[in-house]
Structures are given as C-alpha cells and as structure tokens.
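Here come two complexes built around chain A, the first alongside chain B, the second alongside chain C.
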Partner chain A sequence: MDYYKLKKPNVDEFIAELRKEYSVYAPVDKVGITSFAPLAEGQSPNMDFLLTQKPAKEVFYPQTEVLLHFEGDQTTPAEYTGGPIAIFGVRPCDARGFKIVEKVFVDDRYKDFYWLARRKDSLVIAVGCNSPVPECFCNWVGGGPFGTEGSDVLAIDTGEQYILEPITELGKKALSAMNCLEKATPAEVKAVDAPKATAIESMTKPPEMENLKASLDSLFDDPLWNDVTAKCLGCAVCTYSCPTCYCFDIQDESRRGKGVRLRIWDTCQFPIFTKEGSGHNPRKSQMSRLRQRYMHKFSYMIETISEFGCVGCGRCVTACPVNIDVREFIVKSLEKAQQKGAAV
Partner chain B sequence: MNNPYMPIPVRVVKIRNESDDKTLRTFDLEFVNPEEAFDYMPGQFCQLSIPGAGEAPFGIATSPTEKGFLRFTVNRVGVFTKALHELQEGEEIGIRGPLGNWYPVEEFKGKNVLIIGGGFALTTLRSLTIYLRDKANRPDYGNITLIYGARRPGVMIYRDELEQWETEDDIDVHLTIDQAVEGWDKRVGFVPTVTSELSPPSKDTWVMLCGPPIMIRYTLPTLAKLGFPPERIYTSLERRMKCGIGKCGRCNIGSQYVCVDGPVFSFAQIEKIPEEI
Partner chain C sequence: MKDLIDKVKTIFADESLDVVIGFERGSIPLRGTPRFFESAEELDGLIFDITCHNTLAKYLASEKKRPGGPRKIGIIAKGCDARAVAQMVVEDQFPKENIVVMGVPCKGAIAPSKLRKILDGKVAQDFKIEGEIIVISGEDFSIDVPIVEVIQNNCLTCQHPNAPQSDYFIGEPAEPIPTKTPFADVEKLSTKTPEERWSYFEEEYSACIRCYACRNACPLCYCEECFVERTNPSWVGKGTDVSDNFIYHIVRALHLAGRCVDCGACATACPLDIDVRILGKRVEKEVLERFDYVAGLDYDTPPALAAFKEDDKEEFIM
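The block that comes next holds the complex of A and B.
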C-alpha cells in the first residue's frame, strides 16, 4: 500500500481539500475545554495536545441530540443533515472507542438510527502518539499508541511532516485523491519505525489482563470495592470523559404544543440512573455504582462484545478530582483474586 | 432506514379505574393505522409515549389471541404515569414495541402451569393466562393453576374477569387478600402461605411468578420446598428503562439487559447474575 507525506505547513490545505467532501472535525480549544468540533472555513486544528478533554465519541454521538420533533399531533424524527464526517487528529484510543460504541449501538437486534446517520461514509484520520503520557494505558487493553483499529488513515508525526498510512480501502481512496500530498519514499516510511518503537517501549508494562475478568467475577462481594470507593465523590467525570461509556437518558422538552425528545449522555454513577418509579433503587450505594462501572467494562462487556469497554485513554485517571486510578484498581484486584485463589 | 426510537400512533379507546383508590388505571389502545399493528407474545412490553411528557415501559396485558386492541394497566407513581392517567378516551399517544422476550410457552407445552401473581404485576400474567386458555392453545397444556394475591379487594386488578375464571373448569383460580375484611369469602393470607397450603405438585409443572420483590423472596423457598427446580420457575424482571432496545445501558444487570435479554428470566439464569435483582 502507498504511504503519503503531509508537510506540516500543508495541514490547512489538506483540511481545505477534505472540506470539499466532508464536514471536518478536529481538536479545538473551545471556551477552555478541548474537544472535537467542526472546523470553520480557514480554521486550523489545534494539534498541540495529546488528548482532548472531551472524548471524540461526541462527533458521532453528541452529548445532547434531538431524536424527535413534536408539533401539534405530528411527531417527526430529527434528520442529520451535516453530510459525511471526516475526523482529523483523533488519537488511536478514541478511534478504537468508535468501534466499541458501535458494537453496542449497531447490533443484530437494533440499529441506532442516529449513530448510523453520522457514521455513514465517515473518514477517520488518526494521529499516532509519539510521546504517551504517564496516564496512558492503551497497551493494557488491546490497543497501542499507533493502533489502527477504528481508523481509515493513521498519521505518524516525524517532526517536519506526517507520514500517512492508509488503513482501509476508504482511507486509501481518500488519500490518493488529495492534491496536497506526495507519496512517501521507502526511506521515509522506514523512518517511522524508530519513534514508534520508542513510544511503545516508554509505556508501563501491562499486568496479566487475561485474568482480569475471572478475577473480578470472583471478587464481586469482596470488601475491595469499599476500599476503592471510599474516596469516590460520585461526580461521574470518569463516565463523561470516557470514549466508550455509551449510556444515555431520554427526556422530552416542550412548550406550547411544540417540543423535542432528546437523548443526553447519562451516567451509572448517579443514584437516579436506576431509581425506579416506586422509589426502589437496586444500586443504592456509591460502592455498587462504581462496581457496576468497572464490572461492566472489564467483565460484562467481555461476554457481550468480546472486548473490554475501555481503550486506556487515561482521561478518567487525569480528570478524577480524588485521584482514583483504574489501573491501581486493576492491579489490586488481580493480586487479591490470586491470593484468594491460592488460599482455597 | 427503520428508526427504533420512532413511536407509532395509537388511540385510547377505553379507560377504566382498576382500583378503588384510583392509583391503577387500565387503558385499551387501538392502532390509528391498522397496517402498523404488530404481533407479540405474552410477557413482552411496550414503551408508551406522550409527546412532551416522555416515555415509559409497560407490560402488555392483552393476549395476542385477543385481536384488535392492546391493554395496559398503569400505576400512577411519577410525572409520566400522571400524564397517562390524565388522558381522555379518544386521545392519541405513541407506542414502541413489542419489546423484550416472552414467557417460554413453547418450552412448557404438554406440561402443567402454575401462575403466581401479586399486586398489579398480574398484567403480563393475564396475557399469558388468556393465551394458554385460548381454544387453539388449551389442548397443548395440562392443568393451569392461578394463585393471585392483593393487599385488599379494592386493589385486586381484573377482578370481574378473575371471578369469571373461578367459575370455569379448565383453570384453578385461588384469590387471596392480606387480611380478612367484611364481605370477602375467599382466601386470606400472603401468597407464599397460600402456595404452601395448596401445595401444588411440582411434577411436570412450570411456574410463572410475578409480583413485588418481597412476595418473590418468600415464595421462592416455598416453591423449592415443593420440589420446583429454579430452571422451571420464571419471572419478569423490572428495571428502570429508557430506550427499551439495549442501547441506553440503564437496565443492565450482569452481562444482560432486562429490555432485550429479558424481561422474562428463569431463576436458574437469575442465580448467575451477580447483582441483586
């Protein structure tokens, strides 16, 4: 497959070319929070930070989204009219998150109309991570700083330029149609190997993640959960910043016979998430709610979609106001399950 | 593309109070466009939708053998059920469904069925009872026994129908209330006690059990004592829901979603779920 090179001063031209066919989303620093947003004509992406604070999932799954419009007796579904989407500058962890959310939203029973409307014909251009930070742990959960799952193109930063590797047929087609790109020479392609290896080498070695599901299953009623929850405030920043948390609420808003049905990101960390009409709440304690989050991601999702509901982006580690680190919990639970197993 | 969030229109054709305190109300609905009418099975549920007020899940109380309408009995507990209770006959609302799985009527063909209900959880058990007793289906099943308990006669739902069934000979009906009151000449006592008194034989018998958690908690040991294995005891689980189609994550228990993997589960399945039901 042909690799291409994109000189950094040509990024704006590359975006302008993409804009002819796509709504282009890229990292921006908007009112103090970094996120993916559609670029206006002439607007440059901000490539200075490793990860946006908000996960890239909002490109296909907005935090608030209209499902239906109501007017008088008429109910009509909201239509997505933004055209095909290209994302530039997403990190491999976020790109992999798209695939995981999609496994839930598009299964053989029901296909999510709204997710698919935005995902249709979309082009994902990821940028590999030359310098993972200490919070990164994609290598624990099946990914890597140059992972390609979920991406159509992987860009590798070599300082002066990006080397673009087409991953899918769509990516190949898109790159070959670009005027601002040149083919990379074999030497230039070879030159990415060293920074790739350095990045992977710099990351913390994962514990025995293949034992994690069984370990957690054996610890469901263990006091370990009380220890990990003791300082948890239940603020839910971990779920809102997570690229694979997909839970949502549905709410109606209306005024004088006109209104909308909305879906809004929701969180299993709030008691009202499971509180029933009768007042009964099957998850009363913060311990049971944090346990749900970890069990769902590291045990239940192995059963439902055969992979972890975690891409190791580390946003939950960075954002937690009381420094709860999911990796510490993983290591502790593996140790504890092993001790328990040995004791039997 | 099919949009699973889009409700289809139904008209409220009949409303009646189901309890003397007016907290329970029964709604009969007809499809506005008959070509949109769907098939369903006993135990399935629907999302009822009122634009501007929201949506909530309710078990279908009619049997698929009762053609032409859908019945739901709604307990007024919150904002949305209040809006439902304020509906008038003739008004249009929305419906999404049928959702979820159903009672395993194929699996227990040729067997006896013990139906145990409590409170207003009789809705989908009504659907099941009528389905099993339908002329075309009745020969496929052995004895049908129904034990139904309510706190008092005034909150016993579908009472006229139940008293009619008491007089019919292809079903054994046992109605009970918690405490004796004047004018009540049937059984008195909690469902687990009545079940224990009746001691239905467990041989070749499947149990469908629905009711408040406290009733279920005390009925299960009684059934175990009578020799019913958990594989043959089914219930319909309740969880707060939003989407009803396995996306919004709310009704997740263990690796299951109550909305798409349930709501009907056997106790053998439930025993494997780590969380409390």
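The block that comes next holds the complex of A and C.
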C-alpha cells in the first residue's frame, strides 16, 4: 500500500480538495472549547489539541436531532441534506467509537436511518497520538494511540508533516486522487516507527482485561459497588462525553398541533431514565445507575456485540467533577473477584 | 498533613463520628477527590490542600436520605463548605446535631480546566506552594505559576476563606485573596449593552450539553425532583436548543436566590467551561442590596426570601 505525505503548510489545500466532495468536519475552537464542526470555506482547523471536550460521535449522531416534522396528523420525516462527511483530525479512540456505535445502530435486524444518513459515505481521517496523557487508556480496551479501527486513513504527525497511511479502499482512493500529496519514501514511512513505539510504551500497562467480564458478573451484588459509587454526583458528564454511549430519548415538542419529534442523547445516570409511569423506579439509587453503566460497557456489550463499550479515550476520567476513575474501578473489581474466587 | 490527620483522628474519637467527609489524593495529577472515611485507620489517607476543590457539603443531601437516617458526620470544611452546611441547617435540610464542622484554612482551589490549559499537554507529577506561586513539576519541566492564575474564579472574589461557623478549626486562618471586589465580574458585564450581554450569554450557553453537572455539584440544589425532569407538564425542552438551555440556567439561578454560597462547584464541574456562575452571582448581588443578606454565615438567620423585615426595600413593588 502506498503511503503519502502531507506537509503541514498544505493542510488548508488538503481540506480545500476534500471540500470538493465532502462536508469537512475538523476540530474548531469556539468560546474556549474545541469541537468537531463543519469547516467554512477557507477556515483552518485547530490540529494542536489532543481530545475535543465532546466526543466526535456527535458528527454522525448529534445530541439533538429532528426525526420528523408534524402538523395535525401529517408527518414529514426529516432528511439529512448535508452531503457526504469527511472527518479530519479525529483521534483513533473516537474513530474506533464510530465502529462500536455502528454495531449497535446497524445490524442484520435494524438499520438506523438517521445514523446511516450521515455515516454511510463518510471518510474518516484519524491522527495518531504521539503524546498520550495520563488519562488515556485506549491500550486497555483493544485500541492504541495509532489504532486504525474505524478510520479510512491514519495520519502520523512527524513534526513538519503528516505521513498518511491508507487503511481502507475508500481511504486509498481518496488519497490517490489528491493533488496536494506526495508519496512518502520508504525511509519516511520507516521513520514513524520509533515515535509510535515511544507513545505506546509511555502508556500504563493494562491489567488482565480478559477476566473483566467474568469478574463483574460475579460481583453484581458485591458491596464494592457502594464504595466505588459513593462519591458519584449522578450527572451526565461521563455518558455525554463518551464516544460509545448511544442511548437516546425521543421527545415531541409542539405548539398548536405543529411541531417536531426529536431524538436527544439520554443518560442512564438520571433517575428518570428508568422511572416508570407508575412512579416506580427499578434503579432507585445512584449506585444501581453507575453499576448499570459499568456492567453495560464491560459485560453486557461483550454479550451483544463482542466488544467493550469503551475506547479508553479518558474523557470521563478528565471531566468527572469528583474524579471517579473507571480504571481504578476496573482494577478494584479484578482484585475483588480474584479474592472472592480464592475464598470459595 | 500529619497534623491535620492527628487532629481529625482525635475529633473522630471524641465526637464518636461514624464518618468523616474529606479528601484523598485523586487518580490524576494535582487532583484531590472526595472520600468518606469510616475509621481512624482510613483517615491516614486524608489530605487537604489546593487540589481539593469539591464542595463536600453536597453529600449531606444523600446522607439525609440514607436508610436509618443520617450518620454522625464530620466534614472537612473550606469557608464555602461551612457556609453550605449552615445554609442547609437554616433551611432545615440537615440536623445540626448530626454534623461536626471541621474548618480548614482555604487558600483557593485549583480549577482543573485552568490547570489543563497551563500544562498544555505536559504531565505534572508534583507541586509545591512558595508564597503566592505554585511550582508545578514533571519529569522534565518545572514551571512557576501565580496561584491566582490557576484557582477557581470564585476564589478570586472569596471573602470567607475560613468557615464563618465551625465546631473545630484546624490550622491558622487564611487571609482572603484580594484580587477583585466581590461583584467585579457582574459589574463588568453590567457595563455592556443589552445586545452585547445577549450575545455573550447566547454564545456561552449554546455550548451547554445539559449534563446537569452544575446542578448536581451544587450543595444547595437538593430538590428531590428538579423541574427540568418533570414531564407532565414539561417545563423545559429536553434538547439543547439555546432557549431551553437559558430556561434551565435562569431558573436554577433564581431558585438559588439568597441561598448560593458561591463555592464555584457549578463552574468547576462544567465539562465545557461555561461561565455558569455569573447568573447566580448577579442574583447574589441583588439579594445583598435589597435584603442585606449573605447566605450561610450562621445557623439562625432565616433565609432572605423566607423572612420579612419592615425595612425591606420595596420600591420594585408597583
């Protein structure tokens, strides 16, 4: 496979070429936050960042999305008209998140119309992470700072330029059509091995993640949950900043018989998520709600899609107001299950 | 820290406490995290320093709902924590006899988002305080940062760094950090035109993702069911339209009128760094000017909006 190089001064030209076929989403600064937004003509992305505060999933799965318009008993489905999407500058964890959410939204039985509308012709160009931070743990859950799952192209930052590695046929086709790229020499391709190895080496080594599901399944009623959830405030920071949380609520908003049906991100951390019409709530305590989140991600999703519902981006670790760290929870559960097993 | 631990252990025994709500070292650099210490041995992990920003009084609301009633609690209290405790007692939300306030001198608390910007990807490992400077160091760097540049905005206008009321006070009282007058931020915004203010708020609040971290971190937001969660009637849209975001934040600020202790927990909890504190601060100013009331200074004065005084200003009544 041919590798290409993109000199940093040519990034704007690269984006201009992408714009001929795609709506180009890239990290953009606005009021002190960086998030993925469509670039206007001539607008440059901010490539000098590690992670956006909000997960990149919002490009394909917006937090608030109109499903249909209604007036009286007439309904009109909302249609996505933005054209094919290219995302440039997404990190490998976020890109892998697309693949995991897609396993939920699109399978043999169901095909989520709204997700597919944005996602199906998309081109994902990820940028590998030369300097993971202490909150990063993609290497615990099957990813890596230069992971390629979910990406069509992986860009590796060498300082003056990006070396572009085509991952899929689509990526290969897109790169070969670009005028602003040159082919990378074998020496240039080889030169990225060292920084890649350094980045991977710098990350905390994972515990025995293959034991996690069985461990959690054996701990469902364990007092451990009370300890790890005691300080939880019950907000939605962890779920809304998660690249793989996909739950949504559907709400109608109307005035005088006219309105919209919305799909809105929902969160298992709010009591109303499970509150029934009778007033009964099967997940009454914050302990049971956070337990659900962790069980879902690290046990139930293994059963349903054979993947953890976690890409190790570390956003929940960074953003949790009370510093609940999912990695501490994982380590504690593995230890506790082992002790329990030993005691039997 | 040894001195603090020893004193708290003594109080733990003398007062027959069931639990001390305090801080331990967190999982990420320069971060303290809340911890419920249930024995004298556990208290060996207790810390209190500039990395301990959370408002621990928040946990009284869930403690109150504990099956079998609240335990006998000791709380490590910054000025704002102690004020939040007092306000909860005044509002009859927590029995004073169940809580022992252990005041600690607060010299400001690091706002993690400011720290992240200063570090800009560098990995901090340690810090030390040298006068008005915090020296932050990692494997291959050491930077001197003025403390006022890394602490929460509310700390910059705080007039109560020490608990106004406490059962014990551990350490020497801290001096307020006099960088701004209490309402400097509000006054600055007031000089703008309505259009400028509107666009400021529109820009800030359009970023809100309605995670309710601000509400859930707030020690005085203890309603069993928040109005935003009502579905019949639905008082506010559940999506992130900026008009719905406004309704949520404005109603929250008004619900906290005369109750907010300006601990800054709301702003620090916000994952998108929105200035969620400014509305509350504006209301706080109003309450002070009209009713001469500051929340959480003692256990007796009835809340501003629950009391009537003959000399209350009433020029706004038609």
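Throughout what follows, the second predicted complex is superposed on the first by the 344 of 344 C-alpha atoms of A that agree within 3 Å, B and C clash if a C-alpha of one lies under 4 Å from a C-alpha of the other, contacts with A are read in each partner's own complex, and residues count from 1 in each chain.
We adopt the following convention: contacts are C-beta pairs under 8 Å (C-beta built on N, C-alpha and C of every residue); 3 or more make two chains touch, one makes a residue touch a chain.
The model shown is predicted, which means the values in this text are computed figures rather than measured ones.
Overlaying the two complexes via chain A leaves chain B and chain C side by side, clear of any clash.
Looking at the shared chain after the overlay, A:Asp112 reaches chain B, while chain C stays out of its contact range. When the shared chain is aligned, chain C comes close enough to touch A:Gly32, but chain B does not. Using the contact criterion defined above for the overlaid structures, shared-chain residue A:Asp73 touches chain B, although it does not reach chain C. By the touch criterion defined above, A:Ile156 lies against neither chain B nor chain C after alignment on the C-alpha atoms of chain A.
In the superposition on chain A, contact is made by A:Met295 with chain B only, not with chain C.
In the superposed model, the angle subtended at the C-alpha centre of chain A by the C-alpha centres of chain B and chain C comes to 90 degrees, rounded to the nearest 10. In the superposed model, A:Asp249 makes contact with both chain B and chain C. Residue contacts after overlaying the shared chain place A:Phe220 against chain B, while chain C stays out of touching range. Here chain B and chain C sit at a least CA-CA distance of 5 Å once the structures share a frame through chain A. In the superposition on chain A, the residues of chain A contacted by chain B and by chain C overlap at 249, 251, 253.
Interface residues of chain A facing chain B in the complex, by the touch rule stated above, are 67-68, 70, 73, 75, 77, 104-105, 107, 109-114, 116, 217, 220, 246-254, 257, 259, 261, 263, 266, 268, 273-278, 280, 282-283, 288, 292, 295-296, 299-301, 303-304. Chain C meets chain A in the complex at residues 26-29, 31-36, 54, 58-59, 62, 112, 116, 121, 123, 203-204, 207, 209-213, 215-217, 229, 231, 234, 237-241, 265, 268-269, 271-273. Residues 1-7, 9, 51-56, 75, 77-78, 81, 92, 94, 213, 238-240, 242-243, 245-250, 252-255, 260, 274-277 of chain B are the ones that touch chain A when the two sit in their complex.
In the complex of the two chains, the chain A residues touching chain C come out as 30-33, 50, 53-54, 63-64, 131, 133-135, 230-231, 233-237, 239-241, 249, 251, 253, 262, 264, 267, 270-272, 286, 317-319, 321-323, 325, 327-328.
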